[in-house]
Amino acid sequence: MTITTDQAKAVIEAGETKAVALGVPMNIVVLDAGAHLKAFLRMDRALLGSIDVAQRKARTSALFRAPSEAIWDYCKPGAPAPGLELSNGGLAPFGGGLPLIGREGAMIGAVGVSGGSVGQDLEVARAAAAALIP
Amino acid sequence: MTITTDQAKAVIEAGETKAVALGVPMNIVVLDAGAHLKAFLRMDRALLGSIDVAQRKARTSALFRAPSEAIWDYCKPGAPAPGLELSNGGLAPFGGGLPLIGREGAMIGAVGVSGGSVGQDLEVARAAAAALIP
Amino acid sequence: MTITTDQAKAVIEAGETKAVALGVPMNIVVLDAGAHLKAFLRMDRALLGSIDVAQRKARTSALFRAPSEAIWDYCKPGAPAPGLELSNGGLAPFGGGLPLIGREGAMIGAVGVSGGSVGQDLEVARAAAAALIP
Amino acid sequence: MTITTDQAKAVIEAGETKAVALGVPMNIVVLDAGAHLKAFLRMDRALLGSIDVAQRKARTSALFRAPSEAIWDYCKPGAPAPGLELSNGGLAPFGGGLPLIGREGAMIGAVGVSGGSVGQDLEVARAAAAALIP
């Protein structure tokens, strides 16, 4: 099972709605379960540098089936896997990437958000991911 | 002037509508005038390999302010710029990428489409680009 | 649906058996439906340069849901998509990559073979892919 | 002397057996003495992100003829070679990569394992490497 086009649109739209509410223009990425690009939207005035960051967050989540910031527990100073963030072309081990969970409870893709503070990015990612919860 | 989020959504939607009419699932990319990703949609069952091809077509168009296939006239056998297609990380010098023209007549971005035959891709790209024409 | 470990092993083993019968050491790659590495075997004395070639063939097949050589019809001299082979990090538009089809008829992965002549590579790829046919 | 196909299969199989015993699906990579891919297996449900990590661990071991985590002593904070982990396309200076030693005591390749905790990865790598000890 991987995410459908309709689901991806709903994720993007829910993220955009939250970003508008926060007043922060965001880049929002949806990947499928194989970490391939499914949908993307850059809101007007969102930072150019955040296009890549949003994609890395989503990719980090899809590849490790975890929130992007969970990777930091493995590679932060003193943690058991220093340099893990260098793998897979460069991970983004901080908040804003979340797995997307389908109705059967399996990961069907991932969302990545970047453009504001890490806290704002995560808030938008959560709102986006919640679009798949019935 | 560069493309707005609303314009990008309209371009994607017009392309998707045409692709549905043709019965061919497509990857549709919108870049801004600086060749940076603005919006993207992969329709269900569109080829994974076409994600990159669609992006290259749009990038080729945005970078050279021309339909992607126009590059071929410069790099085809006997033409004056052999290898031009190797520049910029690899161009896609065939149909399916088009500049997006704003109301003042200037290029505000580009669209790239891939998933069907070159003729189908170009047809969808034209329908997508036409969404900006009042 | 994507290929299982047991299926991947059966594909590799069937390819190896055919390569032994031909007397040509091969590199055999199995990717899943998302073009991610699932299994690999380099037979003794197989060419080092064929590791990458086998992976590109399998990747070409997985990304375009087609035998790798089918891409050549689109990018050969006079064909409508010159330079298509430059996409996706470089395709291998010649024989030796095949989609792997599961019991429901959908693509569940791809196999890529390199080490001999293109004809030998394709023969081994066919034997490998046939391991999934009940 | 470099690892043979039969030896590589034995290494993969011993690693898989240990991973099954631990109940953690793993990616297991075998490289030859020249750090070229010899064999690979991704067990069902192993993390996609660990394909690359397992390869980096094995590569780190093969390139420096040492357990992958030994590199950390050179590049950790205060150590004499900061940034060493950025060399060679990015090393993985943490546990799970081990040299494979042949009967004459020389390195004939390396194994890399990723998918669980660093401790689990190392345990599987040790079991895999032990397959070559008569």
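Going by the order they are written in, the chains are A, B, C and D; count residues from 1 in each one.
The definition used in the following text is that a contact is a pair of C-beta atoms (placed from the backbone, for glycine too) under 8 Å apart; a residue touches a chain by one contact, two chains touch by 3 or more.
From a predicted model like this one, the values you see are computed outputs, not experimental measurements.
Enquirer: To bring chain B onto chain C by a C-alpha fit, how many degrees must it turn, rounded to the nearest 5?
Expert: Between chain B and chain C, the superposition angle is 90 degrees.
Enquirer: State, to the nearest whole Å, the distance from the C-alpha centre of chain A to the C-alpha centre of chain D.
Expert: For chain A versus chain D, the centre distance works out to 30 Å.
Enquirer: When the C-alpha atoms of chain C and chain D are each averaged to a single point, how far apart are the two points in Å?
Expert: Computed value for the inter-centroid distance: 25 Å.
Enquirer: Can you list the residues of chain D that touch 2 or more other chains?
Expert: As it turns out, chain D has residues touching two or more other chains at 48.
Enquirer: Examine which chains touch each other and state the graph shape they make (line, ring, star, complete, other).
Expert: Graph shape, chains as nodes and touching pairs as edges: none of the named types, so other.
Enquirer: Spell out all pairs of chains that touch, sorted by label.
Expert: Pairs flagged as touching, ordered by label: A-B, A-C, A-D, B-C, C-D.
Enquirer: Within their complex, state which residues of chain C touch chain A.
Expert: Going through chain C, the ones touching chain A are 32-36.
Enquirer: Show me the residue ranges of chain C that touch chain D in the complex, using the header's touch definition.
Expert: The contact residues of chain C facing chain D are 4-5, 8-9, 32, 34, 36-44, 48, 51.
Enquirer: Given the complex with chain D, which residues does chain A contribute to the contact?
Expert: 34-35, 60, 62-65, 74, 77, 80-84, 86-89, 91
Enquirer: In the complex formed with chain C, which residues of chain B make contact?
Expert: 47-49, 52-53, 56, 72, 76-77, 85-86, 90-95, 117-119
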